[in-house]
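I am attaching a structure below and will ask some questions about it afterwards.
Going in written order, the chains are labelled A, B, C and D, and every chain counts its residues from 1.
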Amino acid sequence: MKNGSKYSLDFERPLKELEKRIEEIRLFAEEKQIDMSEEIARIEEKARSLKVEIFKNLTPWQKVQIARHPKRPTFLEYIELIFDGFIELHGDRLYRDDPALVGGLAYLADIPVTILGHQKGRDTKENIYRNFGMPHPEGYRKAIRLMKQAEKFGRPIITFVDVAGAYPGKEAEERGQGEAVAKAIMEMTVLKVPIVVVITGEGGSGGALAIGVGDRILMLENAYYSVISPEGCASILWKDASRAAEAAEALRITAEDLLAVEVIDEIIPEPLGGAHTNPEEMAGTIKERILENLNAIIDLDPNELLTKRYQKFRRLGRYVEE
Amino acid sequence: MKNGSKYSLDFERPLKELEKRIEEIRLFAEEKQIDMSEEIARIEEKARSLKVEIFKNLTPWQKVQIARHPKRPTFLEYIELIFDGFIELHGDRLYRDDPALVGGLAYLADIPVTILGHQKGRDTKENIYRNFGMPHPEGYRKAIRLMKQAEKFGRPIITFVDVAGAYPGKEAEERGQGEAVAKAIMEMTVLKVPIVVVITGEGGSGGALAIGVGDRILMLENAYYSVISPEGCASILWKDASRAAEAAEALRITAEDLLAVEVIDEIIPEPLGGAHTNPEEMAGTIKERILENLNAIIDLDPNELLTKRYQKFRRLGRYVEE
Amino acid sequence: MFKDLFRSKQKYVTIRQREVPESALHATETVKKELPDGLWVKCEKCNQMIYHKDLVKNLKVCPKCQYHFRIGAWERINYLLDPGSFQELFANITSGDPINFPGYREKLEQVRKATELKEGVVTGVGKIGGVPLALGVMDFRFIGGSMGSAVGEKLVRIFEYAAEHELPVVTFAVSGGARMHEGILSLMQMAATCQALSRVAEKGLLYISVLTDPTTGGVFASFASQGDIIIAEPGALIGFAGARVIQQTTRQTLPPGFQRSEFLLEHGMIDLIVNRKELRNTLARLLRYHQRRKRVINQ
Amino acid sequence: MFKDLFRSKQKYVTIRQREVPESALHATETVKKELPDGLWVKCEKCNQMIYHKDLVKNLKVCPKCQYHFRIGAWERINYLLDPGSFQELFANITSGDPINFPGYREKLEQVRKATELKEGVVTGVGKIGGVPLALGVMDFRFIGGSMGSAVGEKLVRIFEYAAEHELPVVTFAVSGGARMHEGILSLMQMAATCQALSRVAEKGLLYISVLTDPTTGGVFASFASQGDIIIAEPGALIGFAGARVIQQTTRQTLPPGFQRSEFLLEHGMIDLIVNRKELRNTLARLLRYHQRRKRVINQ
């Protein structure tokens, strides 16, 4: 376990407890010069199966907690691990540069691409600077600018989604948060270049969809994607935000649920214990999946690409036709 | 004289003086029941020729004063007199609606057009509301939005230029005044619909040009159009803003000067005494001139239109090629 | 500062607080059945008593203070369209319960009975001032005008219909946002409606979006904010996030008039505020401006 | 409040106040002629003394505080382009005196003599990191980098050349704005350069605009702010209106750092701030990103 061991989630406690015991026994054995390697190996084996059991049977709410894990890799970390030669480009040319949404040029393998993603902070100070990864309208307008630029130069677009939601603030409303989100969605539906979307952590409603329209939608095993936060849903339905776990279940927000209704195309498996336990491995898998998906669409004629994209989002409703 | 008689300009004083005398004599004759009609007619004839002499020999600086006359008709007055069925459309969809730049839909005769213009206030209160007709970036961004909309629906665009300059303010700079002006210019060079520009009062530098690129550029007889205000020029060159009249001369800013270098296509004559002395007559002439110019280009193929527009602005430089 | 963010995401609550009395909300037809003509209604805003018949005659605009009561989709269609011109389309599309959401089926059944509506939007074609158009009119009484798969599908179909038949489109939005009972499928309707709208735009057809009280969340943040021309009724609540969410997330004080039509006009987000009584006339004029003429510029 | 507006429109004055010592402004070649190698230069910003040879070696960036001294067009070309790759174009285009402006002829003569430049911009083609490009580099010493007919024409020609030969374009802006000595013809160069740039854009070619100290007025408000990618040198003054005009018109207090590169980055107006010493490398990387590949998407 490389990272994040000091932030443990509720459901990880038994495992953490066991791991701590193993460590104690190891120390005891060392100190007393007793050979306990066989016993230790047996408990370690036990710990491993406990871990598998926990992480292969996560409830939706537990996945939400992993998706929100403070040590979960952020966009900038993935950029470092997945892409080469990143040059960040700034600004919406209208009002402000929004640090909650990062964008720029990079190479994926040897393909020049435009990359865009929500950027959470990696500590409190950065979280304040990056507004906890929640963009203002100018973030989405920067995204629109860079996406249209990608189209101009025929570059594929890769987006990384990880956002609690578009920022709900006074100034964000004044500057047209709704308009910015809608415009970003509209533009993405007609961009004549391939778009691959990776939902890496939180897929929070319109703020996620605003950079989430594309030709291939990939989703990390423990990410979630929802029309409303489980807490918000519970508040409205049952006037009780603490019933969020229940709401998480009802809303069908896990990668498996979304694959079942074809909202996503593919689930990207995470290292056992979550992406934060091995960012390098995680990034390697993501890179491989993006490349395979991108290669499948990169040579499509733009009209065919757009027709397919249209059909993809066209058929996602589930209604009754009498 | 319908309007504006209480604001008289320096060079109008002899005329005003004479007109006052005539009125006095008329009153005297009436009171005393003496027939002085012949004498009055003779002085009135004298006044008329004085007026012709003054207004046909205006210096550039005097024209600047007429162009800035507080009673000079503004865009909204012209809309009322020239167009039918005006519907004002608001907002840049980004930040704010700028009352210093008015835009919307109207009929010119029976042709649906998009109209845009700088809007000065007609009294102090309105001047504050309209920022003395000096747009912020959002004014130019509204103009861009409405012009692109006109293009979408194949509507000709008519713009009315009357601005001291794009507003030089802290917030205007923060929100990218330069970018907004440049973008408006760029868009106008490629809009696939006919554009007729009418410079009605002040043509103040970039703030004027931002809605001043078009296929036909018409200019009122006493309007001015300049790269810098005469005061600004005098300040820089001679460190003395009071030498503005001299600068006005040097800068070649009158309609005649501009016609000579082909920056404008046509001079629209004003009623004797200036547009403000008879707005109805002025508006009638403007309407006729716009219609004739628009009709000459409205059926052009867009590619031909754009090629001609390109050539028009392409050949305006005067340089030495060795 | 942010820890309450999710706890407080109560998009619907604000709206419910402002809900006008059931009696005033119902479509004319329905109201007539329920209320004797002599009944009085209290104005939400000025608190004055209005004779119900007068309120209905005044298109549910308070004659004293111009407060715009919410009205139903059919009421709108009746007063807006040229008499007899409306032809409903896609009425056979209704909500299922795609993710087996607790209580959704019952909710749907109950709302359908109470409103006599089949779904949260009525779509069709008709004429205003003689100009043919495609139309989508939402109804707040149907689960807060929320956009689920059926609402989204009906809007997509009417946009596609307009693109195919070269008709201008007008929508009347009234919505608390997405319909959470359909989970992510509801969110996807934002993309579906936007992309269908792109087809309308590609054909160079006019799209007028009329925002009424309230238009928030996923409906404002998709098709409703993307009109070529955007009109709002006076005093309508329009925005992305609800005031309560904003206050709980940011602890900011919100100024009076925040997220109202007048606020949006000032902030450049809408073109016009039009009183309901003028709406028919304004729409007719705007549609006429965009009728295709012989003298059109070929692009 | 506004009565001083015109009185105060002194675009050039602000810039002149900030002018660095003549000695530091001159192009390397010129400086060498005038200054013995052992001379010391005082840094504008940190007031430290810098050995002149060190300053030149450091591309006129203060080794102590990173202050970027202004440099001439040829200096830039020399350090930026692959050695021997630059080929000047349109050098035969120079300013006349089209409106007989008082003192303009004398001014031109004097500037040409002092700077050994023929005009305020040098245009041509060359390579950076092996990638061919079209180039326009302004020089502040030529009447404050002001844009008259000749500067405009040279830029228009290089943009047209780039469109025709499918080359990316890079411009280096340094300008107090329009050249008022040419009156309205100077203003028209804003339109001329912008429309020529549209041709570059229509061909899908990259345009990188580099803003250096200062880039203001009509140059910023035309081609220079319309780059696909906009780069600024650190601490450069960039804006539309001069600080003095703003203060005299509005009586507003301007914050420290107002209209500097860092301010523009924060306000979303530029993509990147790049130290002069990194510029060559950054440009090479950006150009390489935009080299046309076989795998390009056909639009």
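Quick note on the criterion: contacts are C-beta pairs under 8 Å (C-beta built on N, C-alpha and C of every residue); 3 or more make two chains touch, one makes a residue touch a chain.
Everything quoted here is computed from the prediction, not taken from an experiment.
Asks: Name whichever of A-D and A-C has more C-beta pairs touching across its two chains.
Replies: Of the two interfaces, A-C and A-D, more C-beta pairs touch across A-C.
Asks: Distance from the CA centroid of chain A to that of chain C, rounded to the nearest Å?
Replies: 33
Asks: In angstrom, rounded to a whole number, how far apart do the mean CA points of chain A and chain D lie?
Replies: The answer is 42 Å.
Asks: Any idea how many Å lie between the Cα centroids of chain A and chain B?
Replies: 55
Asks: Need the CA-centroid distance for the pair chain C / chain D, whole Å please.
Replies: 52
Asks: Considering chain A alone, which of its residues make contact with at least two other chains?
Replies: Within chain A, the residues that touch at least two other chains are 93-95, 175-176, 179.
Asks: Chain C: which residues touch two or more other chains?
Replies: Residue numbers touching two or more other chains: 267-269.
Asks: Looking at which chains touch, is this a line, ring, star, complete or other?
Replies: Shape of the chain contacts: other, as it matches none of the listed patterns.
Asks: Taking the top-of-page definition of touch, could you list the pairs of chains it picks out?
Replies: A-B, A-C, A-D, B-C, B-D
Asks: Show which residues of chain B lie in contact with chain A when the two form their complex.
Replies: For chain B paired with chain A, touching residues are 93-95, 137, 141, 175-176, 179.
Asks: Residue numbers of chain A touching chain D in their complex, please.
Replies: The contact residues of chain A facing chain D are 85, 87-98, 105, 111-112, 138, 142, 149, 151-156, 192-194, 298-299, 301-302.
Asks: Show which residues of chain B lie in contact with chain D when the two form their complex.
Replies: On the chain B side, the touching residues are 132, 164-166, 168-170, 172-179, 181-183, 185-186, 189-190, 205-206, 209, 213, 225-233, 235-237, 241, 244, 250-253, 257-258, 261, 263, 309-310, 313-314, 316-322.
Asks: Touching residues of chain C toward chain A in the complex: what are they?
Replies: 2, 5-13, 92-96, 98-99, 101-103, 148-150, 152-153, 156, 178, 180, 182-192, 194-198, 202, 216-218, 220-226, 239-242, 245-246, 249-250, 252, 254, 258-259, 267-269
Asks: Show me the residue ranges of chain C that touch chain B in the complex, using the header's touch definition.
Replies: Contact set of chain C toward chain B: 201, 204, 206, 228-229, 265-272, 282, 285-286, 289-290, 293, 295-299.
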